[in-house]
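Heads up, there are several structures right after this.
Next, two complexes with chain A in common: one pairs it with chain B, the other with chain C.
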Partner chain A sequence: MKILVPVKQIASLDDQFEMRDDGRDVDEDYLEKDLNEFDHFSVEEALLIKEAAGDEVEVVVAIVGDDDADDALRTALAKGADRGIRVWDDALANADGTSIARILAKLVEREKPDMVFTGAQSSDFGSATTGMALAGLLGWPHAAVVSNLEYKPGASSATLRRELEGGLEEVMTIKCPAVLSIQLGINQPRYASLRGIKQAKQKPVDELSLDDLGLDASDVAPAFNVRKMYAPQRGKAELITGSAAEQAARLAQIIKEIRGM
Partner chain B sequence: MSEIIVIAIQRDGELRSSSLEAITAARGVKQAGDTLSVAIVAANPQGLAGALSVEGVDEVIAVKATDEFQPDLIEAVVGALVAERKPSLIVTAHTVDAWSFAPAAAIKNGLGFATDVMALRREGADLVATRAGYAEKVLMDIDFPGKDTVLLTTRTNVFEPASGQGSAKVTEMAAPAADIATKHEGWKQPADAGGIDIPGSEFILSIGRGVADEANVEQFLELADKVGATLGCSRPIADNGWLPKARQVGQSGQLAASCRLYVAMGVSGSVQHQWGMKHVENIVAVNTDPEASIFSIARYGIVGDMFEIASELENHF
Partner chain C sequence: MIPDHDPQDITRVLFDNFPLWMLTTFYVVAIGAIGVFLYGVWAQIRKYRRGMRAGAWSPFWPRFRTMFARVLDHKTIKRRARGAGAAHMFIFYGFTVLFIGTSIITLDHDITGPITGLHFWHGAFYLFFSLAMDLAGLSLLGGLLYMMYRRGWLKPPRLNYHRPDRSPEDPDYDRSDYRREDWAFLWALILIGMTGYLVESVRLVWLQNDPAVWNYRWWSPVGASLAQLMKGFGMTPEGAANFRMVLWWTHGILALTFIALVPYTKVKHIFTAMGSLMARDPEAKRRMPMADVEAEKIGFSLLTDFSDKYLVNVDACTKCGRCHEACPANASGYPLSPRDLVLSLRELANDKLSHASMPEGPIEVIGTEVNMIRPETLWSCRTCAACVEICPVGIEHLPMIVQMRRALIEDGNFDTILQPTLKSLQKSGNSLGENKRKRPRWTQKLDFEITDARTEPVDVLWYVGDYASFDPRSQKVTITFARILKAAGINFGILYEDEQTAGNDVRRIGEEGLFQSLAEANIELLNSCQFKTIVTTDPHTFNTIRNEYPEFGGNYEIEHASSMLERLIREGKIPQPANLDYRVTFHDPCHLGRINDCTEAPRQVLQSMGVDLVELGRSRDNSFCCGAGGGRIWLPDPPELKKPAELRAAEAAEIPGLDVLVVNCPKCLNMLEDGVKGTGNEGNFRVLELTELLAEAMGLDAKPKDEDEASETAAVPA
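After this line comes the complex of A and B, so read on.
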């Protein structure tokens, strides 16, 4: 019994940043990389199932990314995932969620997992695409934004809750194997222990190219093209400057004015 | 001359108003000679056709099936519509339901695709969409070269709901065969608010992950009390159990419906948080990061430490 958890290394911007010369992305120097917040929850959900089943479950984490992305993968391994797969090719520089889904579909063919958990979205671009696109390619049952899951390894169906707008949840049963996108708050993700971090360095990571998966660059062309990226118009906010005491004094004044005190 | 199709969404037989927002987005890029159709899957789609027959809609495609949300069914409907009508554009609102079906429908049919689109326009014949990136800190203009059909999900609460009486013809479409893998078992309502009233509060002081530690929350409860505000929070604070869910502002929490003054401390301004508060007339953002996206919707901005500001603010009340 196996659970595949695809994870992403996200990028956040430094306080100050500049665009790349072609204007279609931020200059790499201003990006800070980390494991996607949502993926802490999807990894945790897989580990909880593994632990409840007494370890006969294998948790495999997969990432599409260059050498840099190894860190994010090791973070997931340090929490307790059994092994990793990293896929990269320079042709993936413009990859979007649909490109990643095409790679993951090949990994599912190879690994034959019983379940796939992704994060509900990534915290950098928030496309909420990869997991459900993967399900579409595989023709697998799928549900997005899963906030609760009852699943016994190997079962032919699971009961879950989808979190909808306004905090309403829908209870549904779903056939398995399935692709589920996991929502924040479904569990309390663990931190990796020091021992876990040490062990993660030794855990096996398969490194694969597009070629290894029988794909070429045209198979992973993105579903959109970025013409340009730019900072949004700011300037709407009136900046309150000065010392903290001065800023707070002005804030107090605003509060009193608006409340008619 | 081509067709644009909006996929409207209902829940329990009631039309989601964001469907009307998606119609507005689609209407805005309709060119001379284009037709605009709206497809709705429901147990009684005819009953919803009237509400969808707004100005600019030429046809309502009524698919009689079930009120239950089944992503497999919607995907089959999209597949059939692409095959039969070869639309140039399909639009649906970026609801949680769309999260389930839109990516799958797009990839199965090889469509151009983007989610959470905030603006849509034509540049010549090209369709150009705008979406955000890097936690809302940048925008990007995107297009779809070589794609005959593009599927877009539109950010909710951005486009005005379409109105104006239309005169759409109603066409019935048989529900296509689909392998349905999910079954609705019931609803779970959010927990009782326990007297906390975010929707009814005129003044909300909200804290986000900048608060850093559960032990720091108490002082903001006291501060809110002192300045006469209701304490609100962003989602991670509620997820951690540091404050009850009833205090969470945003898409999966509460709408600050009566709020006139919203002071956000240590909140970055994610789209889901903004959903619950960006309409508020007076937003004050306190954040150490001058690039935090909350500043783009705030009326007043304080680049600074929420703890320092909080302890100074106390002295004025």
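After this line comes the complex of A and C, so read on.
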């Protein structure tokens, strides 16, 4: 019995930053890398199932990223995942959700997991496509924004609850194996102590290239291209106070300023 | 002195007119009692040795000497309990003299006499001996009576066994056995003392016709007075002889039973307290225990993780309640009393480690069952070290708490509110969830540049610290301190965005792995810079760099801002500040005052401003924690409980006409401002940092560059 949990290393922004010279992304120096918020929950969900089943479940975490991404992978391993897989190739620098899904589909072929849990989305780009695309490629059922899950390892189906718009919730059963995109709040993720993260270095991590998965650069070429990334001009606001006459005068002054009179 | 008699005759009868069976019975009982005593001692030692062996008693002789001096001078027992301390001294010296005296008789009668024929217990020696024993008895009884008066009538709250960490329904709430034992102990000693005097007096009455006894009776003044009294009531020598037999046996059996029970009752504190004092680590309040973060496990989750020293510690507690009274968590109604923590561990150890064989399976310490330490108890601690500092027998509660916290952190067993804080510390080296880059942003509000100590040599490297860098209120103090340094012409620099928290609270919350990695990174950075000394306004940072970094290879000369300011004023680098017409009081930060003994410098700075300093009820080593320490600043206090800072603010509010409550730590500032608001004292007095008050006295313009302009930040894409 095996659960595959693909995770992502995301970037978060400082409130002061500069753009890269080509204007298509933020300068790396201003980004802090971390394990995707949503993935704390998907990893936790897999670990809870593992613990409830008395450990005969193997939890494998997978990440697509350069050696920088080892940190995120190790955080997941420190929490209790059994082993990790990291896939990287320079051709993946601009990979989109679908490219990642292609890689993950190959990993599923290799690992033959009984379930795949992804985070509902990434907290930096938020496209929420990877899980869906992966299910599509595999021809597996998929459920998005799963907020509750009942699943016994090896069972042929799982019961889950999803959050819908307008405060509605939906309960459904899904055939396994399946790809589930896990929503925040489904559980309470555990803390990985720094000592745990360091010790997770001893856990096995397979490093794979595109070649190892039988893919080449053209298979993972992104379907879109970022042309420009920029911070829009911030609007101005001012609270106008005073008597009605003073307020009117100030308003008139502002209008004049804007119209350049 | 002994004109008419052969000195050989001046002595005391021991077993005269005892039939052989009686003599034999006595020796059998005595040897039996000693046997029971020895077995008990062995069983206790076996219990201690079931903990981890820590080598805490070596080097033996220096430690023995220190312990011995403390036992003789009673310094630790007299602190914050003068009456009880003096009474204990009377009991101790009385008991010791009586014990030595009795041992001398045994030596003379059972050892040197029979073996070498040497008898010395007679003549002048005997007379002085008698006098000493009589006075020792008085000392013992006097001390005991005071202790009874204290327990029975004075009833200081620290002696009641109220437990904050349990509710009355809990099976282990009840401490009435302790109370009974306390009284039994006092009564047993009193009875032994009194029967001793009675035996002596009836012997005198019995032997009144023997001048070698009667003429020298005043060498036993108490016994002689009683004898005089008995004679007055018509007691005859024959009657006395019979009565003596009864009393002699009562006294003997009581004393032997007492000895036999030493290792099984609170009397054992005689030995455990000595053992505990000997193993005492004078750094325990400053430096948390080192741990191997690579090891299989970290922290204490099982009883067998505790070292032998800690097991002796918990057996040494005399329930004096000093720590219970000093603990800010207990005072504010949190479920923690260091005394009860120690006593729970003692009960647990007695229950699990005292038997011939160890129980099967691991002995968990943290949990909700009987005598276990509850997680909420451990999280209540502010790591203020008030307990460690005041404990008369050298118990180290705080390191034990931190060790147990390490196990909780590793297990993820803690308030989830702490998770973002710890993650932020892992990622960005600060506890406020801020990006590294923002750390030096406060410098933008200055009208001068601070040297970058990473690239340029400086005299003074200023380690700013987390709260001082990020907390908006503390930033004002930070800016003020920068301006004072500038005005004093100091060549100083900071580490800009590369500074990370020194890790005091990280270590004390129990995240040892993170602490060690922060310490290593900071030391590496510091070692790459050129500076002479370090200064910091944050006592937590001060403590950790001063006392904890050396173990990681970081040896620096570090000064707290208060000492530096005091020195700059003394050396005339800062012009003599103008007099401020304020009535102020000073809150000693735990990590500065109690933990690092820096209590005078801030007061001298205050003095130089001519303010009217009125001390708080609890100050210097007895300062009352603001509640921020040990990571508690990251955890919200439940609204139904009083915050320690509110208790402190209320204490300050008792000072009539108070203008300013002066603090000397960014965290105290944060906590006490809240405490003042929470107690409705906002309009009554202000909370100011020492630095701010000094700046005012120096006439430094309070408002630097326009603040709004500097805090303007770049746009964030939504």
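Simple rule for what comes next: the second predicted complex is superposed on the first by the 229 of 261 C-alpha atoms of A that agree within 3 Å, B and C clash if a C-alpha of one lies under 4 Å from a C-alpha of the other, contacts with A are read in each partner's own complex, and residues count from 1 in each chain.
Everything below uses one rule, namely that a residue touches a chain if its C-beta (ideal position, glycine included) is under 8 Å from a C-beta of that chain, and two chains touch if they have at least 3 such contacts.
Nothing here was measured: the structure is a model prediction, and the numbers come from that model.
Of the two partner chains, chain B is the only one touched by A:101; chain C is not.
By the touch criterion defined above, A:153 lies against neither chain B nor chain C after alignment on the C-alpha atoms of chain A. Touch criterion met: A:32 reaches chain C, while chain B stays clear of it. Comparing chain C and chain B on the residues of chain A they touch gives the larger count to B.
In the superposed model, A:15 makes contact with both chain B and chain C.
In the superposition on chain A, A:162 makes contact with chain B only, while chain C stays out of contact range. Using the contact criterion defined above for the overlaid structures, shared-chain residue A:195 touches chain C, although it does not reach chain B. With both structures placed on the common chain, the touch criterion links A:238 to chain B but leaves chain C unconnected. In the superposition on chain A, chain A positions 13, 15-17, 188, 230-234 are in contact with chain B in one complex as well as with chain C in the other. Only residues 13-17, 30, 32, 34, 188-191, 193-199, 230-234 of chain A touch chain C when the two sit together in their complex. The touching residues of chain B, counted against chain A in their complex, run 11, 69, 71-72, 75, 95-97, 99-108, 111-116, 128-129, 132-135, 137-145, 147, 179, 181-190, 202-203, 227-228, 235-236, 238-240, 245, 248, 251-255, 260-261, 263, 271, 282, 284-286, 289-291, 293, 295-305, 308-309, 312-313, 315-317. By the touch criterion given at the top, residues 11-13, 15-17, 24, 26, 97-98, 101-102, 120-121, 123-133, 135-137, 139-145, 159, 161-175, 178, 181, 184-185, 188, 223-234, 236-240, 244-245, 247-249, 251-252, 254-256, 258-259 of chain A touch chain B in their complex. Note for the complex: chain C touches chain A at residues 293-294, 298, 409-410, 412, 414, 416, 418-419, 422-423, 426-428, 435-438, 511-514, 517, 713-717.
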